[in-house]
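As structure tokens, here come the structures.
Look at the two complexes coming up: chain A is in both, with chain B in one and chain C in the other.
Here is the complex of A and B:
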């Protein structure tokens, strides 16, 4: 009694007498991102980063809608460079389908120039030997992408010393 | 041991609409909170604790929103509590907030409830095929229509009563700037021609799907006494529950609702609700629930609630017991917030700040919410004076 179909609810009786039934939840939802994340996601499609400034002067990217310390609504915006410094990284040897790149890559925490917080994304390098904390990276955007995180393809090293000479991933 | 006194000193709500695409959930919640705080002349820093409620997470597919709403609620460094009681949650959330004050634990509590229905589909999200349970697969209207049909059969109510309530509530909503639906042109004749959705519930007799939030600021007696703002004193609160299904259950007038009301009246010192209460905001998502709840609450004798509707007793203009002057759930239904809107609107009436839908001279008001399969009840009585 393990076959699930429209007529058989798929109840399963185990040798020890325990009895289970399947329950599959699948339901479509949407999410209104609101003006703050909306501006950030729209900026990505234009190839740029925007950030909000906290009540203590800290620059948040991705932007914070409300100050994490005081709760104040944040409406002061600054443009942030598309280049930054890797604060930490981890190697992904076998990417899954849902991940940003289809070949091995590095997860990176990037602090963009001018920002006080780090952004989690991926860095496109051929092997972990090309990664180093403190290395410089720049964003690679998808030309003509719709607003959304998909507009930011990945980060890539700046300069030859990072072991990547211009996007050759062979 | 007696409880401390508690007062509502600020009521806030969003403009309710079918889709508030201009704000995130955090922004929606904050809009209501900011208005409640402004009404109280307070800022977030003045608040000691935050109590948040919403209907089931399945409705929008959110996972524990109290976690990621902390910044929007300025809750850093403060206690946050989340309340769950299905559609009645807005009412029970307000009660939990009041209990923090009445227990003497916190002096200034902000409570917020919300729903962003446009991010999900509340009608079907709860029709999940649970193993070993009879599936409902009916949506809210399909679930409650048999209860309404049973009420009509038991009470002998004429079939135009539901349409009368709908016309009243939709008309009342036109005097409430925050209401989702502003439809001034309903007449009984037109309402009777409204398409039958779930027999005997017509389209006009059904609540809309709304995005919205509500918020209250509740404070202790010493804090309230030091404030120069309109106040609504919490005279009594009560909550009761019962199982969704059991043989012999009275879905038309659930025992939990009757017990809850009896407890409420006793605590508030009310012996004749229909004459001692000036106005009530009760949870009426389908118009027939107005006469049903009038009976369940004890405002009317069994099977006579519909007569109060027909006689105009529940009208905003000229009725002796106006019901839902705000337009009610029938005109705005951000589900999680709907109960708190009832509680907040009741407070606004005794504070005298209800604007164009103010009931003249309202001194004692009731807020009421129910949820689940008519199985969770939350109610409060608020007054212009201390009890």
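Here is the complex of A and C:
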């Protein structure tokens, strides 16, 4: 037992005199991802994007497992750039614990170069003034992340490192 | 090349703030004080332990405010022998989880039966609460470590059949 638990009873009194206490309900699930997402996530772990190609030539990222038009399984793969264009965005002023970044960020729909669909992720900028539809972004990957989407930390503006537009991520 | 990704961890969870409400608070405060406190329905006079914050489910009326002390002894109405090990298990199987009708209560409460071989536990057996040291008490029924046999004669089935 720590000193903190000796003094903290784990509960408190609400204004009406009722006991109140934190209650966390959680399940440690894991799941298999299947061949299509497995290949996509393996790519992320290696710091790159792979996509599937549909019967009409459309390039899907995240990869579609089945052709949206014909319903056939898709097995043609292409590599996709780790840079793209912001199609739309929304500001997240107060991130929750489960979200990719622990400070305010932008949700973004990014169309990666070479893709025909947009990927929903986040963009690390200091304030919404740094966001603009049509801006160029690149992926920032995490080395040694647990297998999964966590290998893709976020996107960040291209050219930001030069210091314009408040790109301070120090 | 990294290993192919076959499986991902996808934990989910929600963080609640839980408020007990007035009747459950009386029950929890009773546990801190080493007492087992229920509440009585003013219509059917059944005593609920733990007390519900809302209404008696049989009568649809709010339970009374007065505390009704129950136990600390009671009768095993039904039970199961736990033979299966599982993650986080604190007691070596086999052991018994039982529904215990505390004296003065009209609804059973689930707790452990220890101090007797699992295959000797039976319906109608009289048991009593074994409390932890009072320095460990908090607002939880875990203040009672387990129940143990009192050695009294068993209760006739017809005397608790209505609470099964």
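In the analysis below, the second predicted complex is superposed on the first by the 129 of 170 C-alpha atoms of A that agree within 3 Å, B and C clash if a C-alpha of one lies under 4 Å from a C-alpha of the other, contacts with A are read in each partner's own complex, and residues count from 1 in each chain.
Following the convention adopted for this analysis, a residue touches a chain if its C-beta (ideal position, glycine included) is under 8 Å from a C-beta of that chain, and two chains touch if they have at least 3 such contacts.
Only a predicted model underlies this, so the values are computations on that prediction, with no experimental measurement involved.
Asker: Could you tell me if A:68 is touching chain B, chain C, both of them or neither one (first, second, both, neither)?
Answerer: It touches chain B, and chain C stays clear.
Asker: According to the stated criteria, A:18 is in contact with first (chain B), second (chain C), both, or neither; which is it?
Answerer: A:18 sits against chain C, while chain B stays out of touch.
Asker: Looking at the overlay, does A:134 come into contact with chain B only (first), chain C only (second), both, or neither?
Answerer: In the superposition, A:134 contacts neither chain B nor chain C.
Asker: With the two complexes superposed on chain A, say which partner A:93 touches: chain B (first), chain C (second), both, or neither.
Answerer: Touch partners of A:93: none, neither chain B nor chain C.
Asker: Between chain B (first) and chain C (second), which, if any, makes contact with A:57: first, second, both or neither?
Answerer: neither
Asker: Applying the document's definition of touch, where does A:27 land relative to chain B and chain C: first, second, both, or neither?
Answerer: both
Asker: Using the touch definition from the top, say if A:148 reaches chain B (first), chain C (second), both or neither.
Answerer: It touches chain C, and chain B stays clear.
Asker: Can you pull the chain A residues that chain B and chain C both touch?
Answerer: 9, 11, 21-23, 25, 27-33
Asker: Quick check on the complex: what are the chain B residues that touch chain A?
Answerer: Its residues touching chain A are 19-27, 30, 44-45, 58, 60-61, 71-76, 116, 118-121, 125, 128-132.
Asker: For a test of understanding, state which residues of chain A touch chain B in their complex under the given definition.
Answerer: 9, 11, 21-23, 25, 27-37, 64-73
Asker: So in the complex, the part of chain A that touches chain C is made up of which residues?
Answerer: Touching chain C from chain A are residues 9-11, 14, 16-33, 38-39, 41-42, 45-46, 146-149.
Asker: Going by the contact rule at the top, pick out the chain C residues touching chain A in the complex.
Answerer: The touching residues are 1-22, 24-25, 28-29, 138-139.
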